[in-house]
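These are the structures, in structure tokens.
In what follows, chain A forms one complex with chain B and a second complex with chain C.
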Partner chain A sequence: MKENRFLFYTILINMVSNIIVFVPHILFNGLFDGALMSILISVVIGMTLLVLGTQSLAQFPGESLPEVMERYLPRWFRVIFLSYISSFWYVAGVIVLLAFSTIMTRYLSPETGQFTILFFLSLTVLLVVPLKSSRLLNGLEILFVINIPLIAIILLKSVLEKNTDWEDVYDVCTHLVHLPTLTMIAAASYIFTGYTNLVIFNKETAIKLKKRHYLILGGLGFATLMTSFFIPIGRLGEFSVNRYTFPWIPTSDSISMQYFVIERMMIPFLLVYLMVALVQAVMHWHIGYHLILSLFRQQRKWQNYAVLAAFTLGVGVLQKILDNEYILFEFATYWLIARLFSEIGLVALLIYLAKRRRRHEQQI
Partner chain B sequence: MQRNNDFQSLKQFLEDGFSESADVEARELQAADKQASLLYVKPLCDSKLIAKYIVSPFWDYQTEAEYTGFLMSFPNCVHHQELDTTINLILSGYVGVFVADRLYLYEAKSIQVSPVAEATVESTVQGPQDAFNESLMTNLNLVRIRYKSDLLQVDYQNVGERSKTQLALLYDKQNVNQQALAELRRELDEIDLKVLLSAGHLQNTLLRRKRWSLFPLVVITERPDRAVKNLSEGKIIVLIDTTPFAVILPSSFGDFFSAMDDYTQLPLIGWFLRLLRYIGFLSTIILPGLYVATISYNPEFFRVQLAFSIVASRAAVPYASYLEVIFMLLMMEFLTEASVRLPRAIGPTATTVGGLILGQAATQAGLISNIMIIIVSVVGISNYVIPIIEMNFAVRVLKYLFVLLATVAGLIGIIIGAILLVFYLSSLTSFGTPYLKMVRGEESK
Partner chain C sequence: MNSRSRWATFMIVVLSLCLVLSGCEFKDIDKRFFITAIGIDKPEDSGKKYRVTLKIAIPKGQLQMGQEDYMSLSLDSDSISDAIQKLKARVDKEFDFGHTRVLVIGKSLAEEDYRDPLDWFTRQRFIQRISWCVIGKPTAEKLLDSKQKSERMPANALILAFGGQGVESQYIVSQYLFQLFRKSNDPGENPVVPIASPETSKNSMYYTIDSVGVLDDTHLALVLTPDETRYYNVLSGIVNKSDYNIKMPNNTFAIHADQVKVKRKISDGENPTITVTLNFDGLVEEGEHGLQVTPQILEQIKQAAEKKLTTEMTTLLNKLQAKQVDPIGFGSLYRATHWQDMEVEVKTWEQLYKRAQFKVNVTINLRATGTIQ
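What follows is the complex of A and B.
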């Protein structure tokens, strides 16, 4: 467990942060059209990808994906594939930043203005991204240990809250038998995507996952999906959950802490999730940053600054394009679908590389 | 012949074992028909005793037999029995005298020359009360009597072109952090100073490449027991002649939050005390910023009754909350600075004038809210919960950054500050070891 722990952190942080990238909203839009079935199927798909991906990467201990590809694949393929795949991490970070700056403007600080908030959030992320991976993971560990108990308390509190309408939840459950849709599968399987960060973090952490680890991860993913799906239904009602772009925030606002100095659950919820979102954005961009840097033949200092500058510029441009949350939501939906297929491609590549390596070893 | 061989090898073994250490004295006495050699740890022994009872008699007596007879007539002189006992005796202030193929151990413990004072900067409740003082030999004695192992290595080095201040590097040969030791040696060789003033000055010189670090990267202590505990953990102690403080390195963030009381109390209570310090640390850096953020950005943060009472107490205050916080914090800093510099006799006056009169009058005049006074006192008190004084100073600066962030971005600013703080701390290194790390004892990359 000790050598595996960073792996667990990246996967768990990714699970927790699904609320930010519209996963619940996409599921609630198809509440009676196969959302539950999609969740069940996505657990199978997500876990299969996770097991295959981690097992293939485990063949290359202490190496990042670009280093492995350099040994086995031609340069043109590497450049095309890595620049394609790195854009996913970059866009993931941008979606987190844009969505969270929207959330913050709406619910916490309406006077500040979205652009100012976005500026502060991006600046924070940009300051942290160039750190060494090992240092970044140390910081991540500390933030994880601070935040996960808080998130657990919030979830527990919301499960135990009185006045939750469990009838609505049962009613949604009766719509289980229904054809799933691609959009919803893509959204729900996002929960299990955290392991892809290993393409860079494989350098810093060992992958020694046994059957029980996979069972724990699968169970946690399923539980995360269930709570983030059912609790808003119970709190907000089955016919009105889909009216909120970020249904979890009104859900948390409907919970009061009677015996605490802070009464509304919403503000601690927002603050905890702001931390999670920033950590998530830092991780996404860190991976993207390193993937892009690995494209250069020779490492130079200016490249780091150039990549960071491009990242900053990209946020500004994307903010102008995706300037309202409907467009952002649509964009995120397409991104999630494209992500699912790219992830399958990435896992296929990893399996191929692992096979190549085995064949290579046999030859020797 | 056999016996002679044994004796030679014992002598060789002891001299080899000890002589690497610079504070060990191995001396030959040679007369026409007799010879003796001495081996002792210099800071532990009284040189007058050695001169009077070991060296002078050597010249007074005719034969070796007479001389050993004289030595053995003292109750505090014993024969060599076992190697371990002998090593321990030498390490606790005995002089080994090799005469005529025998080893005699003569007790010549040094009685403290300069008085050892009580620890005042880092006081404890039930721990030992000794503190280092300005004499290097006394300090070495204080460490040696607590660490009676032949693995303790002492290296001397002089620093300062004019001051030629003597430094002693102490470390446990077996489990010292070699990487840190190499880096320290390299840094010490490169030091270019006229005079070395104090332990803090040494810290700044060693870390001149990390001049803009906000946090202290080495612990400065006045407690020999802390030094000994860190020695056993593989850290390096630098004792400085003329300074009553020692430098411990490499250090991590957690080291600044451990007091020696944690080890004298029951483990559970030790944990509680440590938790208390971290809570104190958090409240001292976050509370002023949180006040600004909640008053000016999100008054709905607290439950309604509390929000109302805060607003009511602020009703008379004519300016924005950040100004109120900065005024009050500055007032408190002035008070702290003044009471450090004031002579002992006038000290209490400043606290009375500042604390009672100013606090009361400022609220009644409607310049500051009552809640602000409470917050400033909490900040002031919890700041001094941190046991190592260097960290106290660092934290005093840190809270203004949080006030600034809260002023420009409210609660978001505080979260951003917290995240940047965590990543900043985990990006720091102290002599090659990571500064902030959850799991200890892992290799750094």
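What follows is the complex of A and C.
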């Protein structure tokens, strides 16, 4: 069961889901103010964190982060750190659900009401979250196999489509030389953050990453950033792209598929991304759920229900607070920045733990 | 209760919750009206801001050419949304904009300000970004309240005319909604929208779509003639098949170009030269007086054609420059090849475009003379 491939799925699904958590939108707001430079820098930062994080975790085969921390660190630190870091996974899931329920209300069924849609999305997610990690990863594999070809077709079609303004794309490239901003670096480095799910999934997957694997992951991440950044610019135009609230939805709507079942590409695109959003929310909440459960000294059944109930309640509350699209966008921006720093902290901790282990082994 | 039956109970509860959902979104197809085209005009006398015209398809069981039926409703109001809500009070079925493919802006409204209807079109979630934008002459209402005999569904003739789905014409310029919005915000490229007008001859009605309007930031700035429209199509690289009449001292020939390569270049300096290089591949399509086209005559035709295209394209470019519009996107090209700040580039180009000189190089490679020499 210990296979390398699940590791790739978690990282890749995270790359694909960047469209939902406003990453392109944040980059478009600073199109002429260092967006491209931020992307290039974020590839370096993201890949460094990815290499360090996975290499450190690889020292603990078959163990999750809470288990490792239990051996080396005092309980008070564990409780503080794990509850802090688990909130990030929970909020990540909430942002995905809120953003996607907004998109669904806007484009798929405007008369249903966002709360109803959010309720059913969260319900679906909550039913899957308590499953065993191994089952979840197998499910992820199936959805991955279904969705990635569709996403590849959509991307290919949008690159090959006529009426793309390549001059706008070149023009954005000529604004490469500019100071990057923290917000945009934080947003773009989200692409590489999928490996952090290993803090729990390390139990189920083996980390056998060689140099070529890292090259592939780096290349894929860079390609994902390039496509999700440049295709909307080419289709919607560099001066119009930041006028759209969810730039990728009109981008998919600007592609016509004359010989497909539906001419409007937006509908298959939304359905594919509905699956991606659900999977992503399940992943995030699954990690958050297990991290929180690991805080309890003794495992009881009611704890599971209590955590799930708290998750549901939290979504409802956050939906009321982040009711406005601007506020949700701002919240997601701050979340992405905080995420970058917490990720650096997490990787630092992993490196420290790996060092402790090596020292421990030498003593023996 | 074992875990399986608990699971089953839970699922039953969840599924029964679905019954609470009200089904307002789902409405049967026979209780919907499909709007195939929207037209927005400036009203003549009511003093309101817009006159909104909807072309409503009346569904038929069997699709047959010319058998389609439509309703065209118009109403004056100060906002487009309000006009549509008021039009809803005149019909019996719910409007469905999912099949709207043609967006018409009346000529007089476009001459005044096209931004507000464009804003509405782009802001609406239900309007496809792959709808075709058209300027309606004399009005959008008249354009939509007409029916071509060969249509299978209302407004089908207009839909098929654009994008090369049906007819492919060198005189037709197609503009998607997202393109129009993109260019209207771009300081380096002005949008171009085809002008369509309904016309009747004998007993049949048809649409003429052979000219375009060039829009500047706010309104319709210039209307190009059919010939200029064809040159625009070639210069912007949209169309690569085109025919030209070549007048020689004694005869007139027609040549057909089946491949065009366009290269654009802007030189540096205070008074830049914009060089447009066009390479045509073509053949002779039509002769006169039963003349046999010998290699010598072919060479003469080639030279005459090159001269004619060079002059006429330069004239068009100068005309566009004089009107201060740039539908071919030289400004975009300038920005794409310069590394300054965006605002600096935009400001500099504004000044440079006024002083720019045009140089058009046309090379025609006449390969053949058709089936006969």
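By our rule, the second predicted complex is superposed on the first by the 362 of 364 C-alpha atoms of A that agree within 3 Å, B and C clash if a C-alpha of one lies under 4 Å from a C-alpha of the other, contacts with A are read in each partner's own complex, and residues count from 1 in each chain.
By our rule, contacts are C-beta pairs under 8 Å (C-beta built on N, C-alpha and C of every residue); 3 or more make two chains touch, one makes a residue touch a chain.
No experiment lies behind these values; they were computed from the predicted model shown.
After overlaying the two complexes on the shared chain, residue contacts for A:135 are found with chain B alone; chain C is out of touch. By the touch criterion defined above, A:71 lies against neither chain B nor chain C after alignment on the C-alpha atoms of chain A.
In the superposition on chain A, A:177 makes contact with chain C only, while chain B stays out of contact range.
In the superposed model, A:112 lies in contact with both chain B and chain C. Legend: residue contacts after superposition of the two complexes on their common chain; A:32 is shown touching chain C, with no touch to chain B. Contact with both chain B and chain C is seen for A:263 once the two complexes are overlaid on the shared chain. In the superposed pair of complexes, A:250 makes contact with chain C only, with no contact to chain B. Once the two complexes are overlaid on the shared chain, A:300 sits clear of chain B and of chain C alike. With both structures placed on the common chain, the touch criterion links A:274 to chain B but leaves chain C unconnected.
The contact surfaces that chain B and chain C form on chain A in the two complexes overlap at residues 109, 111-112, 116, 263-264.
Chain C meets chain A in the complex at residues 14, 21, 24-25, 125, 128-130, 165, 176, 178-179, 181-183, 185-187, 329, 332-333, 335-339, 341-342.
Residues 32, 106-107, 109-112, 116, 123, 163, 165, 167-168, 170-171, 174-175, 177, 235-240, 243, 250, 253-256, 258, 263-264, 266 of chain A are the ones that touch chain C when the two sit in their complex. Touching chain B in their complex are the following residues of chain A: 2, 5, 104, 108-109, 111-112, 116-117, 120-121, 124, 127-128, 131-132, 134-136, 138-139, 141-143, 145, 204, 260-264, 267, 271, 274-275, 278-279, 282. Interface residues of chain B facing chain A in the complex, by the touch rule stated above, are 297-298, 300-304, 306, 408-413, 415-416, 418-420, 422-423, 425-427, 434, 436-439, 444-445.
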